[in-house]
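Here you go, one structure.
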Amino acid sequence: MLQTEAIQARRGGFTRRKFIKGVVAAGATASVSGYLFRGSGIFAPMLTAQGAVERLVTLTVNGQQRRVDVPKYETLAMTLRYQLGLTGTKLGCDRAECGACTVLLDGVTHYGCSILTHSVQGREVTTIEGLEQDGELHPVQQAVMDEGGFQCAFCAPGFAMSMVGMLEKNPNPTREEAAVLLSGNLCRCGDYDKILNTAMRAAELSRSRA
Amino acid sequence: MEFLRRALNPWGENVPIGVAWDLIWAAVIIGAVFVVVHALLVPKKLPAGEIDESEAKGLPDRIQRHKPGARGFHWTMSATMFALLITAFFPVIGIQFPWVTIHWIAGVLLILTVLYHIYHVFAKQDIRNMWIGRRDMKEGSLGLQAALRRPVQRPRAGKYPVDQKMFHHAATLATLGAVVTGVLMMFRIDNFLLPQNTYMFSDAAWGWIYVIHGVSGIALIFLVIAHVYFAIRPEKRWMTWSMINGWITRDRYLENHDPERWTVPEGEGAGEVEGAAAGGTGQPALSDRA
Amino acid sequence: MAVMRDMIPPFELYQPTEVDDAVRLMRQHGDKGWVLAGGLDTFDWFKDRIKRPEAVIDLVGVEELRGISDGADGGLDIGAMTSLTDVAENADVMNRYPLLAEAAGLVATPQIRNQGTLGGNIVQDTRCWYYRSGWPCYRAGGNVCYAATSQSMNREHCIMGASRCVAVSPSDTAPALVALDAEMVVASTSGERTWAAADFFIGPDIDIERMTVLKPGDLLARIVLPAPWEGARWYFEKVRDRKAWDFSLVSVASSLRVEAGMIQDARIVVNSVAPYPVRLRAVESAIRGRAPSEETGQMAGEIAVEGARTLRHNDYKVALMRNLVKRSIRDAA
Amino acid sequence: MAENVIGTDISPPDLRAKITGRARYAEDFRAEGMVFAKLLLSPMPHARVRSVDTSAAEAMEGVLGILRADELPVQSEGLREGALTDEPKYEGEPVLAVAAVDETTAAAAVEAIRVDFEQLPFVLDPLESLREGGPDAHVGGNISAGRGEFGSLKWPASVFEEAGADKLPMGEAAAEWTIGDIETGFDEADVVVEETIVHQSVTHHPMEPRSCMAYWQNGKLFLHGSTQSTERTRGGVAGLAGVEPEDVVFIGEYCGGGFGSKISGSPIMAVPAVLSRKIGRPVMLRITRYEENYIGRARAGFQGWAKMGFRADGRMTALDLYLVQDSGPFGASDLFTAGTVATASYQPENMRFRGAAILTNTPPRSAQRAPGGAQIVAMLEPLVDKAARELDVDRLEIRKINAPGHDGWLGARQTPFTSAYVREALDLGGELFNWEEKKQLSGQRNGTKVTGVGMGLSPFTAGSAGRDGLLVIRPDGKLYVHQGIGNLGTHSIADTARPAADVLDLSWDQVVIVWGDTSKHLPFSTVQAGSQTTHAHTRANHAAGTAMLGLLQELAARELGGSPTDYRVADGRVFRAGNRAAGMNFAEAARRAIATGGKFSGGVVPEDLNDATKAAVAGLAGEGLIAAARDNYSRGGSVYTWVATFAQIELDVETGEVEIIDLASTTDCGTVMHPRSLAAQTNGGVFQGIGMAKGQRWVFDPKWGIPFTKRFYTARPPGILDVPLSPRFAAVDEPDPRTPVGAKGIGEPPVGAGEAAYVCAVADAMGGLCLCRTPLTADMILAELEGRPRPYGLLETHV
C-alpha cells in the first residue's frame, strides 16, 4: 500500500485534536463481560490521566463498527478473541513470531498480538471471520478447500490472512514470491508445500473472479 | 532513601548489586555543609602561640616535615585519587566518556603508591608518629576549645596534629576498602592483569563487594572535600606548603609542635639544595605571621 | 517476587498527534515514560514485564513523523515512523538508495516490516538473551556480564567494541544508514539536533545502558539520506540462521564510488560484531585507489578483523566478518 | 464394488470450519462466569519449596483461589510428574497456580507470592552426572531402575580419561543386548568406520500451546483440551481430577499439533480441572509459548558413538552402538527404540547395543515423531556414507544391499516384518530424484557455492493393532462413524473411516464423522502414537464395517426373507443378489433396526468390546442400526514403514549457509489411503527433520541451568523459506498383508529421513566430512571450512 493511502486511511479515524479520542459512533458496545482484562480486579480504579486516551473505543471490524471498553494495555488479538468473540484469530506465540494472529489493517497484514487495540482505531480490521461474503468463500478459502490445505490448521487463519494480503500486493506471484510474502507465518506440521499450492491456487481463483 | 541497589538474580533471589547513587549527592552535600559551618565557626587566624627560645637552640631554621618520598607518595596518590573519583562518578551523574580502563589503571597506580607508602612508613619513618594516644586526645579537646575561641592554652602537637591523624586513618580505611574490592572487581572486567572469573563468589557476595566499593568511593568524596578545604585554610597553609617543599620554619615548629613528642635530631634540617630551592616558595608561609 | 511473563502490566496511554505534544509528554514522564512506535521491540519488553513504564506515548497518530520526501539539499528525508515496508518499496529509496531498500526488506517478516518503523529498527535494543531474560547484568544496571564468562552461551555476541558488556547491535538498517552517511534528526523540547549516523550509536564503554545517544525525552524524528552517496555502488548481506524472522549473525553494508575501475571513496560497515555498527575506516582508506577485486577484498577482510577478540563460542564471526567484508567489495554492484 | 474411496483425494469434513475460523480449539471455548489461572514457575533448575507466602496475593481484589501441589490427586513423586510440584526438577516447572477474575490480576497475584526455594544440585549434561561425585537430577539418583525406583550410575574417572575430550566415554551400560558376535563381525569386515556423534534435544513446539479450560456440572467434569487421542484422554483426565472416567466429558474437537507431546492430553490439565472445582467457577488456563517451552515436552538428545564394519561388497557385518540419553527429569524411552530402529535399515549380521538413560534437570521428554528413530537415523546414515566412500560403493546401492526384504527382521528378538518394500522405495526414490545424474554434481563448485547430494533411509514402527470401531446407520440413511481417535490434523479422523464406507460400498458423501467430544458416545480407540492411527484404526473400522454388513444382511433376510448370504450391500441399499429392487435403503434399515431392537440397535453387543465402547453403544441404543466390533485381525510380526529422502544442497563456503535446492521422498507405507494427505504428511515430517538438522536449537546456560531457546525466534523451527519450494514425493503403494486395508502409518519415519538426507548432503558438500552433530548451524560449518577452532566441544550438549 502506498504511503499516502496509509496516511489517508489513518486520518479517516482521527479527529484533529491534540490527542486522539475514541470516535464515538453508532453500534452497540460489545459485551463487556469481556474476558481477560476486563480491567476489574485491582486495576479497575485506574483513572485516566490528563490528555490520556479513554478506554471506550470504536473499532471497525469486518465492516462492522464495534464499540468496546478496552484497557489501554490490551492487544488487538486479545480484544478480538475475548471481547468480540472472534476466536478465529489464534495465539501461537503472542510475540509476533508465528503469524497465527495475522489480521489485516486497511488491507495490510499485521500481527494482532503485537499491536495495541487503541492503536487501530479508524483502521479497517479484517479477520478470518470476515473473509466469507454471504456464504461465498473468499478465493483464498476456496483454494484451501480445493487443495485440501493444512494439517492441524492452527496456523491456517493466519496463513489465510497473509495470503489475502499477498493478493493485495501481488495478484500474480511466482511460487518464490508467494513464499516470501508468507514467510511471516509458521506451520509446525511443515505443510509448506501444500500451503504454497494453496497460495498459487488462490491467486488463480482471484484472477478469474476479478 | 534507599541505601542499596538490589535486583533479582537469575534464580529469582533478591541480592544487592551496589550502593544507591543518591549517596553521591549526600556525600557532596554533607561535605559542603561541613566546610561552610567550619568556615563560619572557626577563625581563620589563631593567636600566635608562645615561643620558648630556649627550645630553639641547636635547631636549624628549616625543619624537615615530609621526606621527598612521603611527598611523592602524597601527590601521586592524590592524582590517582582524583582520577578515580572523576572516572567513577562523573559518568554516573551524566558526564559520559569511556571511563573503565582509566579507572582500573588509576586504581592499579593507587595500589602501587599505597604499597610504596606502607614500605616507606615501616622502613623509613616512625609509625608511632601516626598513633593516636592519650595526649592526642587531650590535644584534640584543647584544640577544639581553642578553635571555638575558648580561652585555653593552644596545645602543641606531635609530628602530626590529631585531626590530621584522624583524617589519615579515615582515608586509609576508605582507600583500603575501595582498593581491596576494586582488585576483586577486576576479575569481572576485561583486563590484561587478571583473568576474568565472573563466578568467583556468589551473587550476594559480589553484591556486597560492589556495595563496599561504592561506599568507600562515596566516603572518599567527603574526605577529599574536607582535606582540600583544610589544605587551603590560611592558618594551615604552612602545612600544605610543607607537603610541597618538605620543611617548616623553626618558629612554626616550636609554635605548633611539642619537641618532646616530635624531637628533631641534630642535622635533621632540610637539605641545603632543597632549602635554597624552596626558599622563595617558603616566603608566603613565613610572611603570614608577624 | 516470582517471575511472571507474557502479560503486559497496566500503563497510561497517550496518543499525541503532533511532535511537540509527543516530546512534551516524553519530558513530562522522563524515564517513567516509553515511546511506542511499531512496538515490535517494545511489546517483548512489556510482555516480559521487565520494562514497566507508567506512561506510554504512542506515536501512531503523529503524521509528520511518517513519509518519504526529497531533502532540502538533495538526498531524501524519511520520517522515523515510516514503516519498513514503505522504505523497502518506495520508488525513490529503491532507485537512489537501493542499499537501504535491501536492508529494510530483509528485516524479520512481512508483517513486522508492515508494522515496524525505520526509527524503531534503528533504536531497537540488543537481543543478548541474558539481558533479554531480565537478568541483572551491566546493561540492566547490574554488576556483571553473564555472556562473557568461560561457560556462557555467546555464539551471537561481539568480537570487538566490548566493554564489560558483549551484546551486539541487532539492527539491519543501522549499518546501511552508516554506510550511506545518513543523518539522524533528534527532536526534544529543546529543539532539534542532528547526528551523523556513525555517531548516533554508542558503545558500552560510554553508556552501558543505552545503544544510541537518545536519552529520555529525545525522539528520533527523521533520517536524512545525503545526496553524495546517491546511486553509489553498494552491497548488503545479512547472514542468519533462518531466512525469515532472524537477526544477523553478521551483516555488512558498503557504499563504493568507483571510477575508471578504481575505488575513489568507500564506506564499509559491519554489524552484529560489536555493540554498535562498526565503520571500517582503516579498510576504507586501504582500498582507495584499488580495483574492487577479490584481492582487494581479501586484503580488506584481513584488515577488518584485526584486533578482533573472540568469546567462547563466537570465533566463527571473525571468519564470517572477514569474508563478508571481502564480498562487500568484490561483489558490490 | 469396495475400495472405491480408499486411494482418492477427499476434502476432510472439518476443513471448512478450519479455514473460516469456526473451528474451535481448546482456548476458543468460553463458559459463563469463566475466570483465569496463571502458573508460578520454578526459577531454579532443581529446588525444594521451603515456604510459600500467598497472603499478599490472596489480599488482592479479584483473586479467587490458589492451588498448591499437595491439593492434586496425582502428586509429583520420584519419576511421576505432577501438574504442580514442591520439588521442581527443571527451571520452569509449575509450582502453583492462581485463579483470578482476569489474567491481569492473576499475573499480578503470582508476582506478589513469595516462595522460599532451597536450591538443590542440578545437572544438564548426562556425562557430568555419570562422573564419580557428579550431580544427580533427583535426590534419589540419576537413572530409573524401573517401577518408579531410582538407581545411580557412575563411571570411574579412568573411563573419561581413556575416552578423552573427543570420544564418548563408555563405562558400564544400563541397557545392553547383542545379535551374533560383535568381534566376529568386525573381523569379517573389510572397512570399519567409527564416530562420536551428538544429537540435540528438541522441543516439540506445536502451534497450539496446551491451553485448557474446565468446569463442573452436576458432579461431572467438562474439560476442553488439546489432545492427539480423544477417548483415550478421558481416562487420564479422570485420574488427574480424581474422579471416575464416566464422570468426565472431554472435549477436544481440534488439536493444533502434538507430534507426540499430546498423546493422551497433558498433566497440566489437572490445574483447571481441580482449581475450577475448588473455586466453583469455570477456569481457563491459557498456556503461553514461554510455558509451552517448559511443559510442552521435548525429544531426548543423545551423546553417542557408533562403529560399523562392512564387507567389500557393502554388506554390514557389524554395528556397535553406544548411546547416552538425556532423559530429562522423568525419563524417556527413545534410547531403546533407537537400538531397534537401527536394525531395520541395515540388518547387521552382528550387533551390540549399549546405552544409558540419564536423568537431567531439563524440561520433560516424551515421544516426538519417531522418538529414538529420527535421532539414530540422522546419527548413523552419515557413517554409512563414509563407509560407502571408502568401499567405493554407491551410496544408494549400499543401502539397498543392507535393506531388509520381506524376510527381514527387527531388533534384538529379530521379529519378522509384516512387509518390507524397502528396495522398491529406494529404487523409486532413485528415479524420482534422478540420483544417477545428481550424484555427479557432488562437490561441484559454482562461485562460492559447493553442491552436495545425500540421502537418508528411515524406518519406523507404523502401527500394531486397533481397538474398537463403532458405526451407526440412522434413519436419515447416513452412516455415522463414531471416532474415538482424535483429530490431530493428519486427516486420519476422516481417512480411517473410509474402510467402513468401502466395505459397505457407500459413497463418501453419505458418511458422517462423529468425533471430538466424549459425550457423543465414542468407542474406545487406539492411542495416537507410534504412527498407529492409520494402520490400527482402519482395521477397527474395517471390522466394524464388516459387522455392519453382516447386520444389514441379517436384518434384510429377517425382514424380506431368505438367508443373509442372499443379500448384497451397495450404494446405501441392502438388496437381494441380482435384484436391486428387492431390498431396502439404509434409512429403512435404520427404522427397522430401531423397531426390531436387540443386537440391531445396540441392545446386545459383542463381549470382547471394551467397556467404554459398550457404554457408548448403550448410549446410542435405539437410535439406528448399530454395529460395533473389535479389531481381531492378525497381530503377528512388526509393522514398519520406510521413507527414503534425497537432498541436493548448496553450501556457501564463505558463510557456511546451506540452501536446499532439490528434495525428493519416497515411502513404503502399504496401501495409500489419501495420496495428497500422504504426501503432505511425508513432506511435513521431512521438513521437521530438516529443521532439527539445520538449526532448531535448545540452549542452556550451564551455570544457571536456564534455557534461552524459549521463543520461536531463538528455538528456530523452520520457516517456509528454510525448506525447498517444491519437494517431490512418491509411494510404492503395496498393501501390507497383515491388514485387510493394507495401510501402514506414515507419521514418524519421514522425520529421520529428512534429517539424515540433509546431514549427509552437507557432509557430501564438505568432501565427505561428517561434523557428527545436529543441529548443523552455519557457524559450525564455517569454522570447519576455515580451519578455525570448533565452536563447541565434540561431546558438548545443549548448544
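As written, the chain order gives the labels A, B, C and D, with residue 1 at the start of each chain.
Keep this in mind: a contact is a pair of C-beta atoms (placed from the backbone, for glycine too) under 8 Å apart; a residue touches a chain by one contact, two chains touch by 3 or more.
Just so it is clear, the model here is predicted, and its values are computed rather than measured.
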- [ ] Give the chain pair, either C-D or A-D, that is connected by more C-beta contacts.
- [x] A-D
Task: Averaged-CA centre spacing for the pair chain D and chain A, given as whole angstrom - done: 33
TODO: With chain centres taken as the means of their Cα atoms, state the distance from chain C to chain D in Å.
DONE: 42
Task: Centre-to-centre distance between chain C and chain A (centres being mean Cα positions), rounded to whole Å - done: 29
Task: Approximate Å spacing (C-alpha centroids) for the pair chain B, chain D - done: 73
Task: Shared interface positions of chain A, touching two or more other chains - done: 43, 71, 94-95, 97, 180, 183
Open item on the list: By the touch rule stated above, which residues of chain B touch at least two different other chains?
Closed with: 10, 12, 199
Task: Residue list for chain D, restricted to those that touch at least two other chains - done: 43, 103-104, 108, 288-289, 701, 703-704, 706, 712-713, 718-721
- [ ] Chain pairs that touch, all of them, please.
- [x] A-C, A-D, B-C, B-D, C-D
Task: chain A-touching residues of chain C, taken from the complex the two chains share - done: 6, 8-18, 21, 25, 36, 39-40, 43-44, 46-47, 55-56, 58, 60-61, 63, 66-68, 82-83, 85-86, 90, 108-112, 114-115, 243-245
- [ ] Would you pull the chain A residues touching chain C in the complex into a rising list?
- [x] 3, 6-7, 10-11, 14, 16-20, 43, 46, 48-49, 51-53, 71-75, 94-97, 99, 102, 108-111, 113-116, 118-119, 162, 165, 180-181, 183-184
Task: Contacting residues of chain C [partner chain D, same complex] - done: 1-7, 9-10, 49, 129-130, 133, 146, 149, 151-153, 155, 239, 241-247, 249, 313-320, 323-324, 326-327
TODO: Can you check the complex and tell me which residues of chain D touch chain B?
DONE: 43-44, 117, 119, 701, 703-704, 706
Open item on the list: Applying the document's contact rule, which stretches of chain D touch chain C when the two form their complex?
Closed with: 38, 40-41, 43, 103-104, 107-108, 110-115, 288-291, 654-657, 695, 699-704, 706, 708, 712-714, 716, 718-722, 777-780, 782-783, 786, 788-789, 791-792, 799
